């Protein structure tokens, strides 16, 4: 840019006499050198900016990848020991499946050129780099000069997260093969389609002004909805002994709970810490740009919402007879996660106090929802539906609490932006758009999940046999004991 | 800066005749353009430097945040299974508490403008960015241009660490509520006040020349002292059976130990690795600047001290009858941590050989102190006092081993610096200052902890009931079993 | 460089008359200022590039360091509970040993000036920075301006990995002291010598055109070979009861397996996720440069190979009677690792489809090799030899699948490069070189390991007593129980 300015200056020159030639030549040579210098400098700067942004996004992707370990520890820890290896196998394979599904199909459907309007010209399968020019131009327009492969990796770990969320809710009774096929279709088709609506440059919900910064809707509510349909179609887990079931039916009578107890809360807590850490990548990386002020703000809102989520869940369980008025570790873990899920949509736009409020509501909401899903006989061993669907919806609505001076136009539709590049939309109007977008995305995901789970049920079955379930999936289906050498009770 | 230089050149000009106008105009335009270029370049460079420094500090903060997982695994692993969920609950909630306490009060007290001299004008609560101009100017002066929110996050995870240290020493008998209140006051008041003394630009110990690079005193000795007072006021844990206690009294007779055995050394070892990793952020990030040479040096001294700490502890336990002449895993873990704590104060200033020596002493010291605290009937289930207070003191004193050419003036008081920006102080004088600073900080922390624990003891009690302790805090106070389905012995 | 260009321009000037003096002086001053600016700019840019590269390499080193935790969890989890603390002790101490061995000797032998030809002038012990000028110049030549200490840290964690690989294969029966001495010699002598051949600027295999991007040969095959010799000389583990052994002898009859079952698959799976994460540092960092396009490509090939490795291993075990036609978690874990090991040598050079293929072959190979090593009575509790030696060899050969436009000349010998800096070598010729290099490195490592293990066997013994092995190393040799309070069976 500066170079061009200087070239314009050059054009204005008229050589008046020869005696000026020397200084002029010197000057011209200098201008050239400077142009070259300017070129080099601005190229250098550009490239360096690219490098920093790329590193930031890749490191965030690593952190989100590691959330697979977090979900694995959390989900296996929250279930019974007899199914631990089955859950871990699922969680290890689901990211492998997601990698292939998103590489071959998903990313092309989500961000490829002409993904909807011209189905025959679909481009970008197998990450064909020629098929993403719209998306690339869009990223460059907002100063996010990072290689397509880095963007792909970042989007891949998000897609993988959506699939992993399902894993927890259907645990201890799902057929491995059915789960893996469902995950494949979710990541190859359903997640990219709704993700396209919200995050692609020409996605219709994005055009409408729907705001979801890092995926409260796109990742969490979608994963939670797929999980809800799965858990609903599967039905609740079997109890080892009939009296356990009877005691559970007392839920309605006096609120006493006899849950199926988790087998390893140490693992689950480790999983929670890994997920908390992972969310710094999830939200911090979603800017796709290492803007110091903005990423620091995002990380701070994220952390504050997690903290208030944890404390509110602890206080809530301490006050409820249903939890024997005791602070319950598994609910505190879900409080952390609920806070994190709910700040995801707005972490870049809300003030710190609003983040604290969003986390507080989430911490209470998640406890309430776990109670309600138990009441409604939707058996979710790890609370995934409450955390990801429930707090995902809350987080998407909470976008209306944004400081409107922070809503940049690269997140929302340009026509709604003022000259400062900030959103001009009214809160009430924004709320309407958020509700509409949520309904659209969740309805699509509900239908997709229902049809897919139903087809799988008809073709290969989705639930293991009663014998396998009672004896434990590890021994029956994987021929392993997760904890060999330890004496155990039948659970 | 270069722009200013050029503007001075411009002032010297006198226009001698009109025929020079063209080249002059060209030159002037060029100067302008160059000034603009210079401006842009230096702005660009400045911004990029900011970005790199910010990323480095944020990544370090993530790593230190994850030390919460490390401490959680270490502390729960070192205790009995019956109290594991209680410890994990504490470790999950303590960082949530620390987040709020430091956001609302702590950071303002530690780094806010006029935090001591004019109590009525205290500024910076709730991270009000206007209240930190002194601190910001100080950071900028030393080339540490990072957003205040990034600095806050980094300081927050340090404050959280101090609180987490206490958790281990008071484990298996502390009331959850008492611990959380103590943590709140520690992070909101005590830690920031002593931290201000040492790390704030106008802190009086800093002015005096007290050096603590990354917190051997500020974080570890402070946390260790609070832990010591807590463990002392609480008294030792109860044994399950009276004969266990009797066997322990044989300590003095023949040195045979009958400790309360840890329930999960795999978890504890994982915790140790997480903490070792975390220390790369703890020390590496404390420069608040990504200077390649310096951070590489810091990371290397840190790693070497951990290594020699581990090996010395292994050799020491292999040579002591008290440990049955066997290399003891839990002491090796504490040797690693001891080495890390003790290199913290001087990791930027000492040579590699000195780092090796500091770690060696720490590895031996930590074993000795664990023995002594057992002898003195201070019951510290995880060795936190030995590691953090003991090695924190050693590390603070070991600053005198610094290569004095490496002591930069942003760490110590300017009047003590020579023209190269290096410290000029004598080793013996430095030792005096280190001892004095330690005494001041530890005395304050001792008094604060004693008063706070005592008030909590009087108001809500700090120790759980005998029945809760014997039956296990998990079942009694949280209504959970950490390891459901496993058959266990009474411990 | 630009500055020099401008200085040449200056030399061409002849002052024709005094009236040009003013503009000339202005111009000269400007040139000076610009030279200063250029200097500053290019210095700044240079330094920033350094900073980014350094941060990238250091962060990669952290990730690879954390692989120690991954190996610790994996190896301990795959063994019996009675030996867990012993394995964890080994894994904690081995990195401490590696730190000292590589600091004092290894790095000097691997990358120091004149490391082979003039044994008396060996330089660089104790990381004496003067002794690495060749290596430093080589790095700078390829734009890898990072501090020597950062390079050292990165190389150190690789050396540590080679030693840790051995740990798994010799687990549950090796004497701790023998293992630590072997590790010391491996990291101080053997690994650096073969590493020098392949990675040092003047290494003879590098000169020959042998390509191993991130260490399929240098780290994994070397570690795997040392492990093979160790496991072979040690002999298989003892079974608790004679009938277990008899059942195992049925391997040959009907393929039914009665393996020694792992004690904690949750831990092992966590270890697998940590290792998968660590590999992003292992391969991503090996460029020693944060080139956005290249690192993104490397990370993507790495991830795809891990995914196809996992899925192929799952499918393979589901189809084999030997595994009861069931997807076996421990083999899926080894499939992930096999895929990662095999993509290590070529991750920067192969296309995505080739990465998928390399991982697929690895996933099948690792299952086959685990079966074969069992058949051959080489007892490898964790499958380390199959994963690291087997897939390391496959990965080294798979370099011939490289897209030859991606083989840069900083990886291979300059004479083989064309003017674009790309390799010109034929695939068949490359295959020959890869085979030759593998044979050379593995032969050296085999001889070194055989001699070292044999000397250790003769001097201090390498295998624990039968009683210690049967009762468990934890109780017998470390006086600890890893899982105190849990009721266990004899295993």
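Letters A, B and C mark the chains as written, and numbering starts fresh at 1 in each.
The rule is short, and it goes like this: a contact is a pair of C-beta atoms (placed from the backbone, for glycine too) under 8 Å apart; a residue touches a chain by one contact, two chains touch by 3 or more.
Since we're looking at a predicted model, the values are computed, not measured.
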Would you mind reporting the rotation angle for the C-alpha fit of chain B onto chain C, rounded to the nearest 5 degrees? 120
With over half of the numbers shared counting as same, classify the chain A/chain B interface as same or different. different
Whole-Å gap separating chain A and chain B, where each centre is the average of the chain's CA atoms: 32
Going by the contact rule already set, what residues in chain A reach two or more other chains? 23, 27, 30, 34, 41, 45, 48, 52, 55, 59, 264, 270, 483, 486-487
Listed in rising order, chain C residues that touch chain B in their complex are 19, 22-23, 26-27, 29-30, 33-34, 36-37, 40-41, 44-45, 47-48, 50-52, 54-55, 58-59, 61-62, 65-66, 68-69, 72-73, 76-77, 84-85, 88-89, 91-93, 95-97, 99-100, 103, 126-127, 146-150, 152-153, 156, 176, 264, 267, 270, 477-487
Chain C residues touching chain A - in the complex, by the definition given at the top: 2, 5-6, 9, 13, 16-17, 19-20, 23-24, 27, 30-31, 34, 38, 41-42, 45, 48-49, 52, 55-56, 59, 63, 80-82, 261-266, 269-270, 272-274, 276-277, 280, 284, 290-293, 295-297, 299-300, 303-304, 306-308, 310-311, 314, 323-324, 326-330, 332-333, 336, 352-353, 356, 483, 486-489, 491
